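To start, the structure under review is shown below, and the notes come after it.
When the chains are written out, they are named A, B, C and D in that same order, and each has its own residue count from 1.
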Amino acid sequence: MKAAPALEAEHLFLSFGGVQAVRDVSLTVATGEVLAIIGQNGAGKSTFLNMCTGYLRPERGAIRIAGCSIVGLKPRAIARLGVARAFQHPQIFPQRCVIDHLRFASAAARPGFWNPFRPLNSPQSAQDVLQLLAFFALDKLADQPVRGIPEGARKLLDVAMALALEPKLILLDEPTSGVSSAEKLGLMTRLVHALRARGVSAIFVEHDMDVVARFADRVAVWVEGAIFRVGSPEDVLSDPEVKEHVL
Amino acid sequence: MKRISWLTAGVTLALLLGPSMGHAQEAKPKALKIAIVTFFSGSGAVVGGPTVDSAKLAIEGINKSGGIDGVPIEAQYVDESGGSTKQVAEFRSLAGHVDAILGYASSADCLAVEPVAEELHLLTFFSDCDGDALFKGQANEWVFHTIPSDATNALAMALYVAKMYPHAKTIAGINPDYAFGRDEWKYFTLAMQKLEPGVKLGTALFPALFSGQYTSELSRLQGERPDLILSSTWGGDVVALIQQGVAQSAFGQSLFALTAGTEGGIEAMKAVPDGVLFGAEHGYLMHPGKIGNPEIAEFVAAYHDRTHEYPVSPYPFTIQRAIFALVAGYQAAIKANGGHWPSASDVAHSLVGVHVTTMLGSFEIRSDHVAAVPEMDGVSVHSSTYPFAVFNKIIEFPASMIMAPVGQSEESFIAGMTPAVLANVPTPREYEP
Amino acid sequence: MLDQLVSATIDGLTSGATLFLVAVGLSLIFGVLRVLNVAHGSFYAIGAFMAAVVWSLLGAAGLPSLLIYPGLVVIAIAVGIVIGPIIERCLLHWSFSVEPQSRREVIQLLATYAIFLILEDGQKLVFGTQPYYSGGALGLLGTTRIAGILHTNYQLLLIPLSGIVLLLLRLFLSKTRSGRCLIAVAEDAEVSATMGVRVTRMQTFSFTLGAVLAALGGALASPAIGVTIGIGADMVVLSFAVVAIAGLGQIEGTAVASILIGVAHSLTVFFLPILDTVSPYLIMLLVLLVRPMGLFGMQRQRSI
Amino acid sequence: MAAEGSPTEAESHHEHSSMRNALAETASPRQAPMRATGKLRVSALVTILAFCAALPFISPPDTFEFTIVLAVGLAGLGVALLLEAGLISFGHALFYGMGGYTVAALAPVFPRFGILLLLFGGGVGAIVAAIAGLFIVRYRGVFFAMLNLAISMVAYSVLLKSYAISGGSDGMVVQVQGLVGQALGPGAFGRALFYVCLGSVIVLGVLLQCYRRSPAGWGLGAIEDREIRIEYLGVSANRLLLQAYVISGFLGGFGGAVAASAVGHVAPDDFFWTTSTVLVVVAVLGGRGVVGPFLGAALYELLSIAAARYLSNSWEILLGAVILLVIRFAREGFAGLPDTWRAASLQWRRQ
């Protein structure tokens, strides 16, 4: 029996006050696939991610994660199904220190989270947390409260938290915005490497076509709330119509 | 770390030695220290002002005439607001510093403080708390009540109504929703049913204490038209009730009986129309039969000098009852002790059966530590003498008529009454300006 | 039965009228400053005390009583204008910059509680502890018999009076420049600052306006209630309930909620006295259970 | 992340060593003073506890007040716990009062098993919190504050009305005569209660500290910071709050039970909103952490005693002024004063 794809979206519609934000979107992400979404601001990319994570509810259409319908589920329930998300504007806890973010995310994915006598800094996850810190080069900031760290580091921390959940599918909203261009490629190399090593499927919204060309298995181009093209990066990025609409 | 420990040790040592130093006791103290506890803040604050002013006058008078066997009284005044926990804390912290504690208006505070007084062996006089629950416990050794149960107050009003207004056959009530208001309604109606068989009980409303809004209550009773409306509201509440009742013409329609009406102070007496029944909560200094008494006249003048008010509420007198009980207890104990300064326990023993002389006459402290005091009821009348209403047709009910004998509950005492008792009610005294 | 219903409703409307004045002030202050003002009940109390004092002074001076009624309004405005800015500027303003927001809420609740304590004792020192009596102001305008029950004209007048205040408030907010600035600050202080609205001035202004309304409520209520220490503490909890039922910052909603609470109270007095004191809180619980933001409140979408 | 999570063997090894280096470089200078202040704190705490233990001997008449400080501190600790999530309970008097009335109701049944009564008090607080919490934890900000207020006021009104059962405004006399089966005289009982209470404070404090360091406890602070992210991590913020709410209900009930046993009386005033504000004041005066509320309670008690003694007519003004000063100039509360001072002196030196 063939396993269900990591994500299936079928004929999604959503409008905000008369404006069609998403029009008849259907998209499938295979297990282990890395899909990039490109498109201009306001094309409906983030709205799509918001529907996939339960923040918004589509007016029509179906979304299935590994064969399981998630329309109407809360973000929390969807996260429990193995969908992690990183945000365009990092959603982190300003008063807490960097390492605790990862400890918490790591604990959230494990049993025993509700045990009031198990410390946050538990030995079971300590190793993983340290690895993640080092992986995103956050180790020097480990004990700093995050309100004081640079924007790029916040962004990385946000992604690192998503990864600490050990998801099956990860949705990344512009993971490299705010990261310096010098670090960008290196970071993405390692990130995608890590995703592939673990067999995590991924969708990432990206504006940097270099990054898209280099790391995506497939690219979906969004124009005005609908999918304009889907295909391999070489095909799609060289399409003159895509160039006209997006670039 | 080290410094902290040394500091701690030092502080500890100082605290250990502190209390033991200067502990030598004289046979006769320089002063008799008392604490007077009454409300200074919150809605109960109506009690505090008159209590303190009157206590100061009384204590000045006592000290001027040589104190108790040459020992002057030194009083400190403590706020009663803040709930029973705070009062117990205050009581315990006062215990080391004073010889007696007087006062308290809230029955809850009295209930809380009573066992502590017994535990700490501290002479305590409850001057204003009269919740019936306070009079149901076992006998005390150190606590004295210079005000009897609120049931006596309700019973006196019932006797007054039954005697003076036998035509009042339907009765409704607006009483504050707390122990005092509930007690007043319960005992008044119980007594009425015994004194006037056939009396009908109408609606009993219990608006919140300090709600100050009785428009709806009055409207509802207006529709019902009872002959008599009993209300034990006091303080700002009774002022509000009178204002609203006057404006809505409720006073013309039903007879009102305000068992604690004088506790609304001068403003309540200004606002009230003629012909409203008043109870005095066992303390009424504007008594037409006694105001001519030079001692009272002098006090009223002195009180007016100090506060620019007349002592219409019971508080100026109730606190004096406690102070003079304390003085009488000490004097009796000194006498019994052959002229030597007595111990607190001597005083407590001497207090039982002692006769205390006050402006309004003398009273006895019974073996159950409750003062046997009379109650005065009357009907409001405005005269040219004062800018406020005073009592007309005043009846002074002797203690024996309204208080259950020692050992009997007020409830069974009232339950055993018959209309025959009305024959013994003294004749009312007309007001003469 | 019908008679009782009618008079219960009228009584509810009259008590709802003063409640509305106090609560709408609270709601306004919350709308613009985001402060839940615990000291609001004290403004009500001070207004009531001042009105009672004015009554007895002017009455003693022999001024005709009918001239004194407008005096109640004047005194309320004076009370609000004097204490509002002082408290907002000196004791509260510093807290607007506290971050994060939840911390700020805690601190402001405490600050206004502290102000409440100070004002409570202040009243005692200024006005004494004995209840005040407004020299029969309640009855001077006579009574009207409705459905067999006498109601005082004074209290009946409070109903249209509060309606006028509501109308003026609405006109002010929608038609005048200051009013629109006020709404802008309530919507988003930062954005309106960039658009040239003087936010600080608007904050002081709305706090003062809120204080004026509370004092007005107290002044107009004073002829009917026993003006005494402690009336503010009960009023503030009651107006919290009104504002929560209406939804924070909802002006017309506050009017509806005030009437709801007033009428519910008098209905319980008539038909179910056992619930009379609990009714405001029960209504508040029920409303918040069904509509978490209050009857007229709107959910603000959090953005991510 | 398990073994397959590391990108490559070499990389992972490299990461580890660099991690260790990083720790070695950055952590040691930063953590040394922290550890020192930690030690100082622990020794200060031990000194305070030793001092507390000696109090009934140092100043026997004040044993009662110390017990009340601990009781109010416990309930304040419950409020402080919710403050960590940025929520103010303006109705915690509900649990405090519930604990007290539980003791009052059960004291005639177990007059000599005070410890049992205290636990029952805490248990009833926790149960009430669990029931009320089911819907209260869905609210935030002023709505959370006001719903708590509403529930406690309903309880207050119900108690006043149920005059026949609860004694109405008179309240109930509480007669606890012993703690573990032995009848004790009043003085001995007061001392024993104090020590039991002190022991409970230590045990509960340690347990609470464990909880605060667990993921769920840490999550409370995260709720204050950015609740939505918690949901995206698959954790229910409401459930985090419910857990904290039940714990804080237990603490409130336990504190109320201690106070009722010590005072010997309970009254509906225990449920009134002003009692709730006292608990909030205690929590904020003290500051965050487990010790803060007890410092806050001590400060509050001290203040109100001093004010009542020397300013009997206007103690509320003094209290109000102190609250204003504390929240204005020592925002982190009493327990946070060292940090506040350090920050202030740093800034001063920089200037």
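As a convention for this text, a residue touches a chain if its C-beta (ideal position, glycine included) is under 8 Å from a C-beta of that chain, and two chains touch if they have at least 3 such contacts.
Quantities reported herein were computed from a predicted structural model and do not represent experimental measurements.
**Student:** What is the graph distance from subunit A to subunit B, where chains are linked when they touch?
**Tutor:** 2
**Student:** If you average the Cα atoms of each chain, whose average lands nearest the overall Cα average?
**Tutor:** The most central chain, going by mean C-alpha position, is D.
**Student:** Approximately how many whole Å separate the CA-defined centres of subunit C and subunit D?
**Tutor:** 34
**Student:** Quick one: report the Å distance separating subunit B from subunit D, using the average Cα coordinate of each chain.
**Tutor:** Centre separation, subunit B to subunit D: 40 Å.
**Student:** Determine the centre-to-centre distance between subunit A and subunit C, using the mean Cα coordinates as centres, and give it in whole Å.
**Tutor:** That pair's centroid distance is 50 Å.
**Student:** Check each residue of subunit A and list the ones that touch at least two other chains.
**Tutor:** Residues 91, 94-95 of subunit A each touch two or more of the other chains.
**Student:** Using the touch rule from the top of the page, what residues of subunit C touch 2 or more other chains?
**Tutor:** Subunit C, residues with two or more chain partners: 100, 120-121, 124, 233, 277, 304.
**Student:** Taking each residue of subunit D in turn, which ones touch at least two of the other chains?
**Tutor:** Correct list: 157, 160-161, 224-225, 228, 313, 315-316.
**Student:** Which residues of subunit A touch subunit D in their complex?
**Tutor:** Subunit A residues touching subunit D: 53, 74-76, 79-80, 84-85, 91-96, 100, 103-105, 107-109, 113-121, 127-128, 130-135, 139-140, 142-143, 161, 164-166, 190, 193-194, 197-198.
**Student:** Mind listing the subunit B positions that touch subunit D in their complex?
**Tutor:** Answer in residue numbers: 1, 4-5, 8, 11-12, 15-16, 19, 40-41, 76-79, 82-86, 88-90, 92-93, 95-96, 107-108, 111-112, 115-116, 119, 131, 133, 177-180, 182, 206, 208-209.
**Student:** Inside the complex, what are the residues of subunit D that reach subunit B?
**Tutor:** For subunit D paired with subunit B, touching residues are 39-40, 43-44, 47, 50-51, 54, 57-59, 61-62, 64-65, 68, 157, 160-161, 163, 167-171, 173, 186-187, 259, 262-267, 269-270, 272, 275, 301, 304-305, 308, 312-313, 315-316.
**Student:** Using the touch definition up top, name the residues of subunit C that touch subunit D in the complex.
**Tutor:** Answer in residue numbers: 30, 36, 38, 91, 94-95, 98, 100-103, 105-107, 109-111, 113-118, 120-122, 124-125, 233, 237, 240-241, 244, 248, 274, 277-278, 281-282, 284-285, 288-289, 292-293, 302, 304.
**Student:** Write out the stretch or stretches of subunit D touching subunit C in their complex.
**Tutor:** Spelled out, the residues of subunit D in touch with subunit C are 83, 86-88, 90, 135, 138-139, 141-143, 145-147, 149-151, 153-154, 157-158, 160-161, 224-225, 228, 273-274, 277, 280-281, 284, 313-317, 319-321, 323-324, 327-328, 331.
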